[in-house]
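Input: structures, listed below.
Below, chain A partners chain B and then partners chain C, in two separate complexes.
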Partner chain A sequence: MESQFLLAKAKDDELAVRGECGGAVSALFKYLLDQDLVDGVLTLTRGEDIYDGIPTLVEDSEDIISTCGSLHCAPTMFGDLISKHLSDMRLAVSVKPCDAMAIKELEKRHQINENLIYKVGLNCGGSLMPITAQKMIEVFYDVDPSEVVKEEIDKGKFIIELADGTHKSIEIDELEEKGFGRRINCQRCELKIPRNADLASGNWGAEPGWTFIEVITEKGKKLLDGAKKGGYIEVKTPSEKAIIIRGKIENAMIKLAQKYQEKYLEENYPNIENWDEYWNHCIKCYACRDACSLCYCKECDLEKEFYNDEDGVVPDPLTFQGVRMSHVYFSCINCGQCEDVCPMEIPLAVIFHRMQKKYRDKTGFIPGVSEELPPLFSPEKE
Partner chain B sequence: MFSEPKILGFCCNWCCYGGADTAGTARMQYPPNVRVLRVMCSGRINPAMVLKAFKEGADGVFVGGCHMGDCHYDAGNYKWNRRAKLIEDLLPEFGIPKKRFRFEWISASEGEKFQKTMEEFTDTIKSLGPLHRSFPKMSNKSPMC
Partner chain C sequence: MMKVAHTICPSCSVGCGVNLIIKDNEAVGTYPYKRHPLNEGKTCRKGRECFKIVMENRLKEPLLRGNGLKQSSWDAALDAVVSQIKLHPAPEVGIIISGKCTNEEYETLKKFSKNLGVENIGCHTGSVPSVDLGTATLDDVENSEFILIIGDVIKETPLLGRWIILAKENGAEIFAIDKPDETLTGVNSHQYQQVESISSIIDEIDSTVLEKLSSQSTVIISNLENGDNFEKLLTFFNQYDTKIIPVFQDCNSRGAMNILPILSDDDLSDLLEKIKVLYVVGDDPASIMIESMKNLDFIISQGCMVNETTSISDVVLPGSCWAEKTGSLTNTTGETQEISKILEPPGNALDDQNIITKIAEKMGLEL
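Here is the complex of A and B:
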């Protein structure tokens, strides 16, 4: 299908004001719930503070308003939540590119039924770890992190808003040079616009108060048309210039990501001695497996007796992480969850991403984007 | 001095194992370093089995299957071929040189090819020396002695 660009905003005043960029995405969710096209909307709501995002299932369209606003400091994933707990529900879900990748891989593995879900994509330049964000705000912004009421990433800057309405912003590049800023895997990520979802929306190229939406699938187009007809959103065509600006932003971010890939996967890549030290820290808590967006087996090989070492010793990396890698690395979507949850801070996403890139170079398989399963699973004689 | 290397050889029942048999009945001598393990098909072997072999102290791992197109189960060796390439990428990440892993297509009539492959591979492993993994722990009750 030919892609189509448009600008949209919510007709509902409250949504337009409280939502990001005119609240178009919230309005779409409201439309879906009101028209009973879905049973629920899975999205993030703000918890205690801006560093806390809670995946929430909204079933009443009146509650959509509570999900408004961005949460860059709460990296979560929806893929396994859907496959494990909500697989029989008609859902709409707001997805970052990595969520969309995870969902796509799970769809291919028959863990999620693609006919049941609407994937409303959100452009994403990257997310931050809550702890990093708090430290960063304290050190560089000279602000008590608990006083921040809102955050936003715009034009390469991380912007915070305080209770009295003042804004403070610092270039993300500058923060990242000092080891803060976005999560490392996000810095390496090349998929900034989720073209693997039904719609891709964001503020790049948009006028203030409007959301720039790229229509990707027929399903997405139907959704937008319906919401427009139902009076939930207002739509207009973006200018040529806006489309160019959006393209430029995307290209710049992809180039930057490639630079970071070079840095983290080649130049600064840990050597074998470093890795042995990392593996020696492993406490075999299985958190990496449990958090993995792709792992879904009910019986895990890692728990099989023949791969296990005696109790109380560090697991041999060959038969622990090695086995895990041999199961999933070719499909790794670089969501970074394994690394985030590792209590011993083993940089797992780096090794998985590097290996996946090797596999991609050889086979052309891009996880979460390619329509087929990895060629490894192919029954063909080739 | 490097004591004799330990090599684990996974051979598929229908071709490579038959090739080893042919070598044996024809009295072609090949290095005794290889411990042959018969599997029904090379497509039955997964990377974890190769990793486990190295963990348990193998200095080299060999896998032999049918020639392309000859698989008893139609496409098993194609599947193995794709997996084997994955293993070649995986091993160096854990400090094991790619050369310590070899796979080959050997038919039941190719006793000579089996003999030659085993000689070559044993020489390669001998020249590489024993596999010293920097990861300290190794199973003390090694099943391979």
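Here is the complex of A and C:
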């Protein structure tokens, strides 16, 4: 189906004001719940502050209002949360590109039923680790992080808003040069508009108070049409100029990501001595495997007796990381969850991402985007 | 119905944040809690699997010994408890509690014992003595220039170990001491010294190491087989201008020692010999000294899990696990963190503070 662009906003006044960019996404969720097209909506809600994004299943459309607003300091992953705990539900889910990639790979492996799920994509320039974000706000913005009531990323800047309405902003480039800003994985990520979801929505190219939506699938189109007919959203066509601006933003971000790939996967890539030191940290706690949406096997080879080396003080990187890598690297979506959860600060994602890139160059397979399974994929492990 | 809720891992004394995944009032998994400043969503395997504790060997109904342990009503169980406590003079009653309860439970139990006139009370911490010192924070560890580690901290308490790794990346010099030929902490240190026994550390330690102890250094002491060693090492390192972190065993050992007397293995065995009625809260003394319990007339066991002590008890009162309580826990660096009730306790189990209060009410005691 041909792509289609439009601008949308919620008709409900409260959703329009409290939701991001006119609350179109919240209105779509409300429509799906009200019309009993889904049993629940999986999205983020704000916990104790803006650094605390909590995955929340909303089953009553009255509660959708509590999910309004963006949270850039919440690098969550929905893929395995759905496949492990919500696979039997008719679900609508707000997806960052990495969520959509994980879900797509899980659909191909029959761990998520694509007929049961609406994927409402959110354009994403990247997210920040919550503790890093707080330190950054303290050091570079000279603001007590607990006083920030809202944050946003716009025109290359990370902008904070304080309770008294004042704003402070700093160029993300500048923050990232000093080791702050977005997660390293997000810096390297080339998928900024989730065209692997049913819809891709965001503020790039949008007028104030409107959400720019790209319709990707038939299902997404039907959802929009239904919500429009039901009086949940109003829509209009974006100007040619808006479409061009959005395209320019996307291209600039992809170029920047490629620059960062070069920096982290080549120029600053750890050398063999660095890796030896990193593998020495490993406590074989399986956190990387457990955080990986693609590691879905019921019985994991890594726990089989022939890979057991309990006698060694340090686990053999070949029979632990090496085996894990050989099982999933080709499908690595560079979500960075393995690295986020590693208690021993091993930069795992760079090695997986680097290998996947080489595989991609040879085979053309793009995990989370390509429709088919990776070439030579063996279902034996399933 | 699914929800993701913040809590603190109850598996060790580090105090990591974890999110529990709750589905239909059952804990079915954990989810990274990246907002938590101590561990940023990182956990060890015990932390990731702590949700299993909620379901494991749970006590769901009060039990009363007749011909074997039989399910009973709360009233009957509590009446049996009260009549036995009343029957014995206060010096014959003992109360022990584990290092896994909340600060609020320690406070309630302290009041209860005081009003009852019971002096034989304490928290059993195994090898660790009561420590009354300001300990280093985790930021201190990260900013240290020199870190001396006794025990395999990186392997045993990885999320404390992580701060050592971060310090090393910041340029800190790491020195480890332990008994085995090789340890994970040793492998990740600049220097590792193997010693004959922990008690010989003070004699054997390299004098150049001691010269490096300053206000910019941290000594981490863990994994000790007996309390005397721990006390000796604390006294020894306290002479230096260094920061110290003792690694306790349970998630609230540190909180317990702020409120209640601490019992070593010897203290516990002495206490058991003095008394006739034992009230155990959340602990399992029978697993380590069943012999010393043979002369007891009556054992009351309150807690969330079936264990060796519940099986020899006369009354068993089903309590709550950490995810079913609201209160606070104090971690090994002395930081107190709140936990909130996420789940309902199973069956007829009750909140532990509520159980203590019910006993007090029946005894006619004010709390």
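Assume the second predicted complex is superposed on the first by the 375 of 382 C-alpha atoms of A that agree within 3 Å, B and C clash if a C-alpha of one lies under 4 Å from a C-alpha of the other, contacts with A are read in each partner's own complex, and residues count from 1 in each chain.
In this text, contacts are C-beta pairs under 8 Å (C-beta built on N, C-alpha and C of every residue); 3 or more make two chains touch, one makes a residue touch a chain.
What you are looking at is a predicted structure, and each value in this text was computed from that prediction instead of being measured.
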**Request:** With the two complexes overlaid on their shared chain, look at chain A and say whether chain B and chain C clash or fit.
**Result:** fit
**Asked** Touch check for A:13: first (chain B), second (chain C), both, or neither?
**Response** neither
**Request:** With the two complexes superposed on chain A, say which partner A:286 touches: chain B (first), chain C (second), both, or neither.
**Result:** second
**Asked** A:84 contacts which: chain B (first), chain C (second), both, neither?
**Response** second
**Prompt:** In the superposed arrangement, which partner chain does A:345 touch: chain B (first), chain C (second), both, or neither?
**Reply:** second
**Prompt:** Centred on chain A, what angle do chain B and chain C make, from Cα centres, as a multiple of 10°?
**Reply:** 80
**Request:** Pick one for A:309: touches chain B only (first), chain C only (second), both, or neither.
**Result:** first
**Message:** Per the contact definition in the header, classify A:59: touching chain B only (first), chain C only (second), both, or neither.
**Reply:** second
**Message:** If we overlay the two complexes on their shared chain A, which of chain B and chain C does A:51 touch? Say first, second, both or neither.
**Reply:** second
**Request:** Using the superposition on chain A described above, determine whether A:371 touches chain B (first), chain C (second), both, or neither.
**Result:** neither
**Prompt:** Which partner does A:330 contact after superposing on A: first (chain B), second (chain C), both, neither?
**Reply:** first
**Item:** Nearest-approach distance, in Å, of chain C Cα atoms to those of chain B in the combined model
**Value:** 10
**Message:** Going by the contact definition given at the top, which residues of chain A touch chain B in one complex and chain C in the other?
**Reply:** 280, 313-314
**Prompt:** Residues of chain A touching chain B in their complex?
**Reply:** 272-273, 275-276, 279-280, 301, 306-307, 309, 313-314, 316-319, 322-323, 325-327, 329-330, 351, 355, 358-359, 362, 375-376, 378-382
**Complete:** Note: in the complex, chain C contacts chain A through residues 1-4, 6, 19, 21, 23, 28-29, 31-32, 34-35, 37, 39-45, 48, 154-155, 158-159, 161-162, 165-166, 169, 182-184, 186-188
**Asked** Of all residues in chain B, which touch chain A in the complex?
**Response** 46-48, 51-52, 54-55, 68-69, 74-75, 78-79, 82-83, 85-87, 89-90, 93-95, 134-137, 139
**Fill in**
Counting only contacts in the complex, chain A reaches chain C at residues 40, 47-48, 51-57, 59, 74-76, 81, 84-86, 129-131, 280-281, 283, 285-287, 290-291, 313-314, 337, 340-345
